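Below are two complexes that have subunit A in common, paired first with subunit B and then with subunit C.
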Partner chain A sequence: MSTDLSHFKDAFFEESQEHLTTIEEGLLQLEQRPGDIDLLNRIFRGAHSIKGNSGMFGFTAVSQFTHKMESVLDQLRSSQMVVTVAITDLLLQSLDCLKTLIDCARTGAAPDEAHVAALGGRLEACQGTPAPGQATAVPAADERSLPPGTHRFTITWAPPRYLFQRGLDPAQFLKELASLGTVTHLALDAGRLPVLMELDPEQCYLGWTLELETGKDLKVIDAVFDFVREDSTLTIVDNPVETHPTAAVSDGAKPLGEILVETGVVSQTQLNQALSQQKKVGEILVEQKVATPEQISEALKKQSECTVPAKKAETPSIRVDTVKIDRLINLVGELVITQSMLSDLGSRFEMSQLPVLLERVAQLERNTREIQERVMGIRMVPIGNAFSRFPRLVRDLSGKAGKKIQLILSGEETELDKTVIESIGDPLTHLVRNSADHGLEPPDERLAAGKPEQGIIRLNAFHEGGSICITVEDDGRGLNRDKILAKGIKQGLIAESDKLSDEQIWMLIFKPGFSTAEKVTDVSGRGVGMDVVKRNIEGLGGTVSIKTVTGKGTTFTLKLPLTLAIIEGMTVRVGQDTYIVPLLSILESIQPKREMLKSIVGKGELVNVRGTYLPLMRLYDVFRLEPELSDPTKAILLILETEGERVAVMVDEILGQQQVVIKSMEQNFRKIEGVAGATILGDGTVGFILDVRGLLNISRNGTAQAA
Partner chain B sequence: MAKTVLVVDDSPTMRQMVAFTLTSAGYQVVEAGNGKEAVGKVNGGAKPDLVVTDLNMPEMDGITLIKEIRKMPALKFTPILMLTTEASDDKKKAGQAAGATGWIVKPFNPEQMMAVIKKVLPG
Partner chain C sequence: MAEQEFANKELNHQTGISTDGSQFLTFQLGEELYGVDILRVQEIKGYTAVTRIPNTPAHIKGVLNLRGTIVPIVELRTKFGMPTIEYTMFTVIVVVVVKEKIMGLVVDAVSDVLDIDKKDIQPAPQFGAQVDVSFLNGIGKAGDKLVALLDMDRLLTDGDMTESEKIAA
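Moving on, here comes the complex of A and B:
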């Protein structure tokens, strides 16, 4: 192939993902609206595109399998079959199989042939008649041509009158024929021409007879007329001049199975079954006692090690709205203009021009900030991508748990950073499973409580300030305060004497090992999950909170930063050093009066903020610095909050507010308790970003390290 | 002057591949994601020497597009090739009746596609 299309493969895989999502969403909606032709068409188109595209790249396994799905869809679409739960189930299973096949095509791994064949068989079986044709069976005429021998063909052709209406040009046919060999004789047949008055210039009345000497065979000549054969009067007479004995065509010999299928000796399904019985090399070697099972598994491990890095090497790509890119390019244009204005000003600068300079610099700042925002915007994708897996999940869950559940999604268009979206999938899944399994009651219990039989789970996403909130809400039984308390005491997570606020009690369910479900299902109830949810969300710099009303339902709220790379920070000074405090965690800053301060033995210093005593931390103590001020009443106290806990941190001065790019400490140095990362400040020095969670730990344990 | 080809397919991958092959062969390419878009491109001033269109598309399918194009005086005789996965005669017949010049059966490789194009587009 002279033109290499392989670099479109990435595009194919990405597009296929979209089609897969369309098909899955469509199939799920189909259960509600079985007669919706538009919907069926949409699903069909998705499958159709995958089939067509995969064939182009030679992923025959994918295109053949999709073809079978497509046949079923086509029958549904043309009302030859009716949408039933069994068929939707089968199609959904096939979709999963198709996903795997596409993954295999991407990684080059071998798919589970037996499974694919079994599903393929079921797809064919459910249509009643097995589909004989294969998607990719396109016999290319020139490849099958007989060995050369010169022929003299006599071709008589009278094209249909409407030839021109279809954009066809008789001259093209004559040219093509001429390109195949030598035209030794050409005659025009004008017998069909009407009298001038009746002649329609847009009709074709002519015909031709020609003699062609060529090494090609009849098939090739015949193929020239592919597009017009039906309404043409066409005769092709073959007068062989000399022939050579037929030589066997052996290039690219086909596998035996394929030939058997083509000749109709066995069906594809039978062949696949036979193939699936083929033993693996390892098994045979073990049976012959040439190798031990251990040696084989060792070798298999090596094999998989070789394939794993290849899988990781693929570079993830992102689809960006062209509008976003156009705006960015506009902005870069403006930046270039500002830059040239500045260099122009710099080349002949006088002090009198200082205001102009300042104005230009301000303009540069505006440009930079806007470009920064736009570039961040490129990484922003709608959260709908992460939501799309839930309709299927909830359908499966409701089947397993024997509950009727309706899932309502909203705010799918809310955008957030691609990395964040990728990382919240699992925590969200846990929460949805939790709601389906623990939150919602079984139908009889719901009816008894005077609620509709069908439970509702709502997933919603929205922006709130600089962060994004995702809520998972159910209208189930709500969290049971007493049960959680009892369980917490039993598991030694809390003491009986502890006085806990409601909020603190709800937070117990995020402790490792905590589960109140009476019975363990395969969905949830093993006490793993909720603690992982919390850890994952906190790892993203977010928080989880719970609201619950007994008998009415529970809402989990995830609050996440829009992006991981940049935070809005407050710069503060302690002695000679500058620190950055994440703005999200600052509640307020105060200058305390003498009577607000208290010292308690064993608990350190406290400060009374409107009736609540908060631990007071002197930042210079934590990082062993030389402060300018050591008297809290002269310094500034920042009240910081994370996960409902608060602490007052004492600094010398607040410098200002700015966006900072987080550079990891662990990657470049090592982890330091109380420091989340570092950044480069405006003057080129390094500033540390405080980790509020870490600071709280230090204040509780009283340990600190020098930074 | 380079000939212009209007490529109509709802699958971006397919469109890109066809466009890439055509551009490599020295053609100018105008792309459209469905029949409606294609009609819009033509009304907007695109003058294709050849139209290559998929059949199954949202908004406006290939057959309707072919009929629409044949109604336009400027494109009355312009060759139109349809891309089809079905080697079935039904689709071909429907296409022919609508005024399609010919068809390219998927999957095809660039050589096969160029061969069909050379067949219908005067050099």
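Moving on, here comes the complex of A and C:
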């Protein structure tokens, strides 16, 4: 049975992730807008869904803990408690705990019980009144607006066993009660049910507990039970109700009326009648002179503004806009038509029809290109998904570092490949942490420098050419050239005599183990991280660059390809073979003059490119091919760069530039040194994509000399 | 079982009939007849030019685009130390699946699908074939023909197909 549920479980975990994100975003926004009922409702709904779903799958630890959070949220929502920083902190901590609990439920690991209990205790303690032990199955009554003078009766009724023998139906009683007012809560008590063997179908074992909101008084309610009062267990408790001026929308559950109609408790007409008697909160408030119509309409406007859909969480599946799919289907339709036109033409082809053929082939080409673009578009998701974790991170960091930090996000709608988005999360986190910890100064230092107390970290994403740029910018102290230089020399990364450009100096901070922070903090300063950032970004085929102005701030720019599956490449030829060089790694291509070439015995050849000597690598040597040209002055040199290292690679000819789809070599074969992958060229044959790093390794290890 | 002998010309997974591994696709290399378990064979295609892979042993002919998948092609003659010959119209690539990897074998010509009973399979002798016997599962007898049955796993998962660079100088 549990195996049957397993794929629903996956859906639950996926969904929970979304709810968690919603809650987190909500809580963070709540600090700015503490009174926003709509926001609170959204948070509450998230928590409520997690509670309900986890209960369904038997993750009791999750549902119990969520229940405690929910109780606090409920009190906030009903204005019994006020949103304070302490409460937000507590809720955020609880949220983290909830995340861990859900993770534990997924992996089957044991959660840290003590921590959970402690947080649970704090959640309970912070509430004004202890939370009701029972979960609310139906939206709590507080959400509804009630006319004054309403009573809320809690009725517990267990009819006598012989009820059916008297020709009575308990449903009739319930219907009658419902007709007196609104049933806000109905629970079945099946506690008296015997085991199946002993069950007598003619006996009534069931009992009900219901909450009824009505303008009628106790006597009328009591009268309903006149026929069965004897032998019934009946308690009717009258709770007078305060009206709450909340205009809450019911949560994910169905509206009560709908349920009642479905279960046959009331009819649709009865329900409609009841509903028509309900007034809108706004009207009531105006009648009661608590608010002016202007205030109400203002509030309504605000409400509609707040109903922007919550951002989606990162999940292994992709949700695709149906519009995108429809367009794709149209395109496929067109492709099929073009194909049938072509095959029709092919079946009775004459040379005179050549122009027609060429035109159709061109059409086919158009179709194909468009389909390719659209299909790639499906994998594109807004980068906002990767950004969504930063408001929380920055909030925590500013607390820990004792700095005031404002985070400004922009370009969240910029789309890029999902796999890229997944892989840039960690590098971006490192950069933001770094900016918060190293980049921004403490408040007093900022004030002394004549800057506003609050530091700013700006995250921005935008398209530039065929790639996407993400910048992490701070208005802090900037990089300290001398300090980095001194540290670099001390750590032996550079020699004192080295003359480095500013850019080369900044790149030092990406070296493993490099940190200039005087003290190691919880956040950063251990010198782990920046090298990882660089490695990750380069692994994605991207680059990192730094711009910094002392005293003004630092900007890290990540430049990434739009997708991992397709790269922009330069096709080059060596003898009979065609290779593809990733365009990102090409700095320039030159045809050298004789005097630019130097060869050093035993060390290989060098080429002087505007004063810098670069090693010259003959691709045919490295790959042991038969070249057409062996004289560098007749061939072409590609100046390639990888990880700050440059090399001149000699090829026979540049054929052109094209986008290539990367195919794995490892799938059916194995990794080949110097080859990043394969692709299929225009003529259907296979071409290899060069891996510059690998080429350097080969030439260094001198494997080529074996030939 | 025996009546199925030639029915299985269409050499595809799906159509392959389970025969306890006793049905073999046979092909020719020079004068000799070799066989591979038919369930290993994905397809047979005519020889088309391949792309050489830099810095790989000579018997690795190159890679081929097989409907969008990159498939390495092994020249069996070179692998077995036989002299290479001009490719003819009979030269084909037998595409096999070995441990979830797809590979192609260049052979002189395919001949038949043969049923070989387990009792007709003998262990490979230590000499007599031009092949390093560790690549053989045994010698099968079908009628008057002798077929060297290849052990695909051992043949195609040795060092040069999977491990990193080992260049035969």
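The criterion applied here is as follows: the second predicted complex is superposed on the first by the 399 of 707 C-alpha atoms of A that agree within 3 Å, B and C clash if a C-alpha of one lies under 4 Å from a C-alpha of the other, contacts with A are read in each partner's own complex, and residues count from 1 in each chain.
We take it that contacts are C-beta pairs under 8 Å (C-beta built on N, C-alpha and C of every residue); 3 or more make two chains touch, one makes a residue touch a chain.
None of the values given here were measured: they were computed from a predicted structure.
Asker: Figure out whether A:Glu176 sits in contact with subunit B (first) or subunit C (second), or with both, or with neither.
Answerer: first
Asker: Which partner chains sit in contact with A:Phe164 here, subunit B, subunit C, both or neither? Use first/second/both/neither.
Answerer: The first partner, subunit B, only.
Asker: Classify the contacts of A:Ala11 with the two partner chains as first (subunit B alone), second (subunit C alone), both, or neither.
Answerer: After superposing on A, A:Ala11 lies in contact with subunit B but is clear of subunit C.
Asker: Where does A:Ile680 make contact in the superposed view: on subunit B (first), on subunit C (second), on both, or on neither?
Answerer: Touch status of A:Ile680: second partner only.
Asker: Does the superposition put A:Ile672 against subunit B (first), subunit C (second), both, or neither?
Answerer: second
Asker: Would you check which partner chain A:Glu230 touches, where first means subunit B only, second means subunit C only, and both and neither mean what they say?
Answerer: In the superposition, A:Glu230 contacts subunit B only.
Asker: On subunit A, which partner's contacts cover more residues, subunit B's or subunit C's?
Answerer: When the residues of subunit A touched by each partner are counted, B comes out ahead.
Asker: On subunit A, which stretch or stretches are contacted by subunit B in one complex as well as by subunit C in the other?
Answerer: Looking at subunit A, the two contact sets are disjoint.
Asker: Using the touch definition up top, name the residues of subunit C that touch subunit A in the complex.
Answerer: 49-56, 62-65, 68-72, 101-103, 161-165, 167, 169
Asker: Which residues, counting only subunit B, touch subunit A once they are in their complex?
Answerer: The touching residues are 10-14, 16-17, 20-21, 24, 56-58, 70, 76-80, 83, 85, 87, 93, 96, 99-103, 105-112, 118-123.
Asker: Contact residues on subunit A for subunit B in the complex?
Answerer: Contact set of subunit A toward subunit B: 1-3, 5, 8, 11-12, 15, 41-42, 44-45, 48-49, 51-53, 55-56, 58, 63, 133, 135-138, 140, 164-169, 171-172, 175-176, 202, 224, 226-227, 230.
Asker: Help me check something: in the complex, which residues belonging to subunit A touch subunit C?
Answerer: 577, 622-625, 663-665, 667-675, 678, 680, 684-688, 698, 703, 706
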